[in-house]
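For reference, the structures are reproduced in the following blocks.
Presented sequentially are two complexes of chain A, the first with chain B as partner and the second with chain C.
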Partner chain A sequence: MDKRDVTPAAVIGLAVAACLLVPVIWPLDQSAVALDNISQAPSLTDPGGTDDLGRDVLHRSLYGLRVSLLVGVVAALVATVLGGLIGGVAGLLGGWTDRILMRVIDTIAALPHLLLGIFIVAMLRPSLGAVVLSVALTHWLSTARIVRGELLSLRTRPFIDAAITGGASRARILTRHLLPHVLPKIALATTLMVPHAVWHETALSFLGLGLPPHLASLGNMINDGQRSLLTGAWWASIVPGLVIVTVTLAIAALAARWRDRLDPRVRAELEL
Partner chain B sequence: MIRLIRRRLAVALPVLLATSFGMFLLGAASPIDPALQYAGGAVSTASEENLAQIRANWGVDDPLPIQYLRWLTNLIGGDLGWSTSRHQPVGDVIAARAGWTLLLIGLTLLVVLLTSLLLGTIAAYRRGGLLDRGLRAAAYAVESMPVFWLALAAIAVLALALGWFPAGGLTDITATTTTLSDVAHHLALPVTVLAISQAPWFLLFVRDAVAESLLEDHVLAARARGLRGRTVLFGHALRTALLPFLTLIGTHLPELVGGSVLVETVFSLPGLGAVSVQAALGSDFPLLAAITLITTAVVLAANLLTDIAYTAADPRVRVDG
Partner chain C sequence: MSLTAHGVSAGYRGQQVLHDVTITIEPGETVGLRGPSGSGKSTLVRVLALLHRPDAGHVTLDGTQIDDIRHRVPSSRRTQIGVLFQSPRAASDPRLTLTDIIAEPLRATRQPHEQRVAELADRVGLTADLLGRRPHAVSDGQLQRACLARALVHRPAYLLCDEATTMLDASTQAHVAAVITDEQHQREMGVLLVSHDTTLLTRWADRVASITQQ
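Up next is the complex of A and B:
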């Protein structure tokens, strides 16, 4: 492990630990309203300040991070399966199937995906499933491209020819020779997708179209904080935003370094 | 060129059609009953016969393929339908707002292009210098900030704390007419926020492209001829790095549209993005579907245009359409 990986890895570790442990180490009802303690600036008792219903903003942000990361990871996994299947079909079959699929993917990439996501959520009514579906349906393209590109370049390598000459079945070539090469790239693509999925979820929640309002998601909190902004309580929307920025930046930095190791020819410029 | 257009359309039109079909299916599967929605507050007193009459008038009980074809032919014929949340023809809603969104996106694109070309070129000239490192760090930081959060932070500091800019809207509340200076004052903050959130990607691209072209032979030749540094940098190095930039503007448009939806909502601008969010909150299928489809078609067309411009500007390029 590189010295430069320590900071982002520590941030992610801390964030995940906080998500898992917050009910244990900070046992506070996240929806308990305290009207005698509203819109207080950050202090020792309430490190993130309190919102306009007297709830601690940092405490709720950690609960929000739980929800947002969960949605982000699940949506990224669904998108990876979808993209992996379509990219796999294109890469394995090649020829016309590949050309048509790639054209279609290029065109889909040019669609305004936030609007389509809004449409999906609006028609299915805001819920966890609708948000996951809306993010997954708009994020599978990059995985499909990566899988397809890897498979096309692997197909021409001598060790595949050797396996075919050796009489390996199609299934064996796929599982023993192709998949082990493609899986690390897929895992990297999924990791890089998590921050995007989190942004997408927060954007939808911020618009009031994501998760139901009683759930403390980071987007919902920034949306709620908009009201407090006008009364000077900036922390109600700035603190949850800072949580998003820190965690997504750490994930992006770690994933970028990981990509360097997979592909030493390109060097990432993101260093923290 | 003709071949490029033909091949692009051969994919774009089916994708557009499939999108419209998918959107229609989602709308049909949605649990929202348009008749109940239309009745609104009168729903508790409306008789079942009246509701059935509304459904029959609108044809929402017809088989789905027939409904879809009717919707599509109406759309193509220019009849965009009736907005159930704004109680007004969809065409009127869009016509009144499209201009403001185009203005916001156009101004933002202009600001992003000018600043990223200028700053990216200077950063590439002094690679590894203070400006280069600072810009790159800032670019990566901004890329991980959600644009609506950036907008709220800008409002908190520049509008509420310092009072330099209005916090939202398009004109002053007391204004009775739309004057240019008033609109400019109100648009300054939204345009800046949207531009900052979109700039990193363009800036990093220009910086890398110019850095690469600075190492090419023709730049060395220009230096050897004794041309001024500024002429070499902007006239030779930047010029060759510019061409691929054209298509990238096209591919980045979807992001810009998404950003404008969020920024318009935060700053309460009367544009298409804000109204589509209101339509989504009100489950207004006709309005939301029309805005989404029209925007999609416009973005696809703009993509095609930038690619045509690219092939026209550089005859060596063959964009595989």
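Up next is the complex of A and C:
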């Protein structure tokens, strides 16, 4: 592992471990109110400070991160499958199918996707599934375009012609030459989509359209913490804000480094 | 028995680059094809290789008219025509090693490959060290040798070389020519040599056809 990967990988590792282990290593009820301990500054007993209902902000932020990462990863995967299938059909079939699918994508892309996401959650009951669906249905377009563009470009490359004259079937060309080229790019697009999806979940929760208010979500917390900012309890929104910024930047940084290594030539140079 | 383009006209998106061209490659003969850049030489190779549908005319392979192109042509017919492309780099999957590049047509048609790959690698002069490398780690000449081995791997009846030696140094050019000539002597393979190098064509080809810019 390159030393420049260590910091983002460590941040992601720590965040995932904290999310998974928080019920074991810090067994507090995330919804339990302690009115005798409200808006306390960060201390040894409450490392993130407490909010206006006396709940530890860092503890709730970790629960919020669990939800955000879960939504981010699942929504990115759903969007990838959807975008991959639609982009794959457009890129492999080409012609009219491609033209019609691309115009549909252009039409959806012309709409502001946060508004579209709000419309989708507003149609459904507030739940984790509704947020995942809202983020996934508004984020498959870029994957579809990447897959379609890659396939159209690969299809006309002479090495595909060489494979055809060599007797390869369509399925063989797809599995041996097309997918191995497209899959790393799809995986990269998915990874880059995770922080974006997390921000969307946060934005929807911040607007009160995400998870029910009693469940910790980073967006809910930042929204609730706004009130405390005026009373000087800055930690109530800054701590969840820092958690989300740090973790999403770490994922984006690792994905960007991975993108650099996708090109076999760049990889060879890095190995030297 | 021959590979023939009969009165072929072809182009791209309505723009015609080939007009009523007829050319025949008999088994065992080397036909040169010369013409200026943009005259449609590569398009004619693609038509003969059953990769591009002509707007008019047709291709016959050993007396059988072939009306389809690409995957619509049965694999057994496609493999009768080998193609050596101008740019070995564009014609090689950058993710595969040279061994895999040579073996791929045999794997794709489920035939044993180890012995044949070793034999061809030896003939085109690729060492074991080179065979384990990917295209970015070898020179154009070394990669074109691998592409030649790949083009010959199915023992095609006809080999189409589209400016295949233009980018190579003199010694690699001579080696590629020697391997192709040797293969012709062994089993009467018909060869089409496309080039704008008149000297090369007069030295190598049995007869030279010209194509003019329209």
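Things worth noting here:
Simple rule for what comes next: the second predicted complex is superposed on the first by the 250 of 272 C-alpha atoms of A that agree within 3 Å, B and C clash if a C-alpha of one lies under 4 Å from a C-alpha of the other, contacts with A are read in each partner's own complex, and residues count from 1 in each chain.
Just so we're on the same page, a contact is a pair of C-beta atoms (placed from the backbone, for glycine too) under 8 Å apart; a residue touches a chain by one contact, two chains touch by 3 or more.
Nothing here was measured: the structure is a model prediction, and the numbers come from that model.
Using the contact criterion defined above for the overlaid structures, shared-chain residue A:R172 touches chain C, although it does not reach chain B. Judged by the touch definition given at the top, the superposed model places A:I164 against chain C, while chain B stays out of reach.
Of the two partner chains placed by superposition, A:A9 touches none, neither chain B nor chain C. Note on chain A: of its two partners chain C and chain B, the one contacting more of its residues is B.
By the touch criterion defined above, A:G208 lies against chain B but remains apart from chain C after alignment on the C-alpha atoms of chain A.
Looking at the shared chain after the overlay, A:H181 reaches chain C, while chain B stays out of its contact range. In the superposition on chain A, A:W199 makes contact with chain B only, not with chain C. Of the two partner chains, neither chain B nor chain C is touched by A:L85. Applying the stated contact rule after C-alpha superposition, one finds that A:L115 touches chain B and leaves chain C untouched.
By the touch rule above, chain A contacts chain B in their complex via residues 103-104, 106-116, 118-125, 195, 199, 202-203, 206-209, 222, 225-226, 229-230, 232, 234, 237-238, 241, 244-245, 248-249, 252, 269-270. On the side of chain A, the complex with chain C involves touching residues 157-159, 161-170, 172, 176-177, 180-181, 264-265, 268.
Contact residues of chain B toward chain A in the complex are 11-12, 15, 19, 23, 26-27, 29-32, 136, 140-141, 143-146, 148-149, 152-153, 155-156, 160, 167, 204, 250-251, 253-254, 257-258, 261-262, 265-266, 276-277, 279-281, 283, 285, 288-289, 291-292, 295-296, 299-300, 303.
On chain C, the positions that touch chain A within their shared complex are 46, 49-51, 70-71, 75-76, 78-79, 81-83, 85, 87, 90-95, 104-105, 108-109, 134, 136-137, 147, 150, 153-154.
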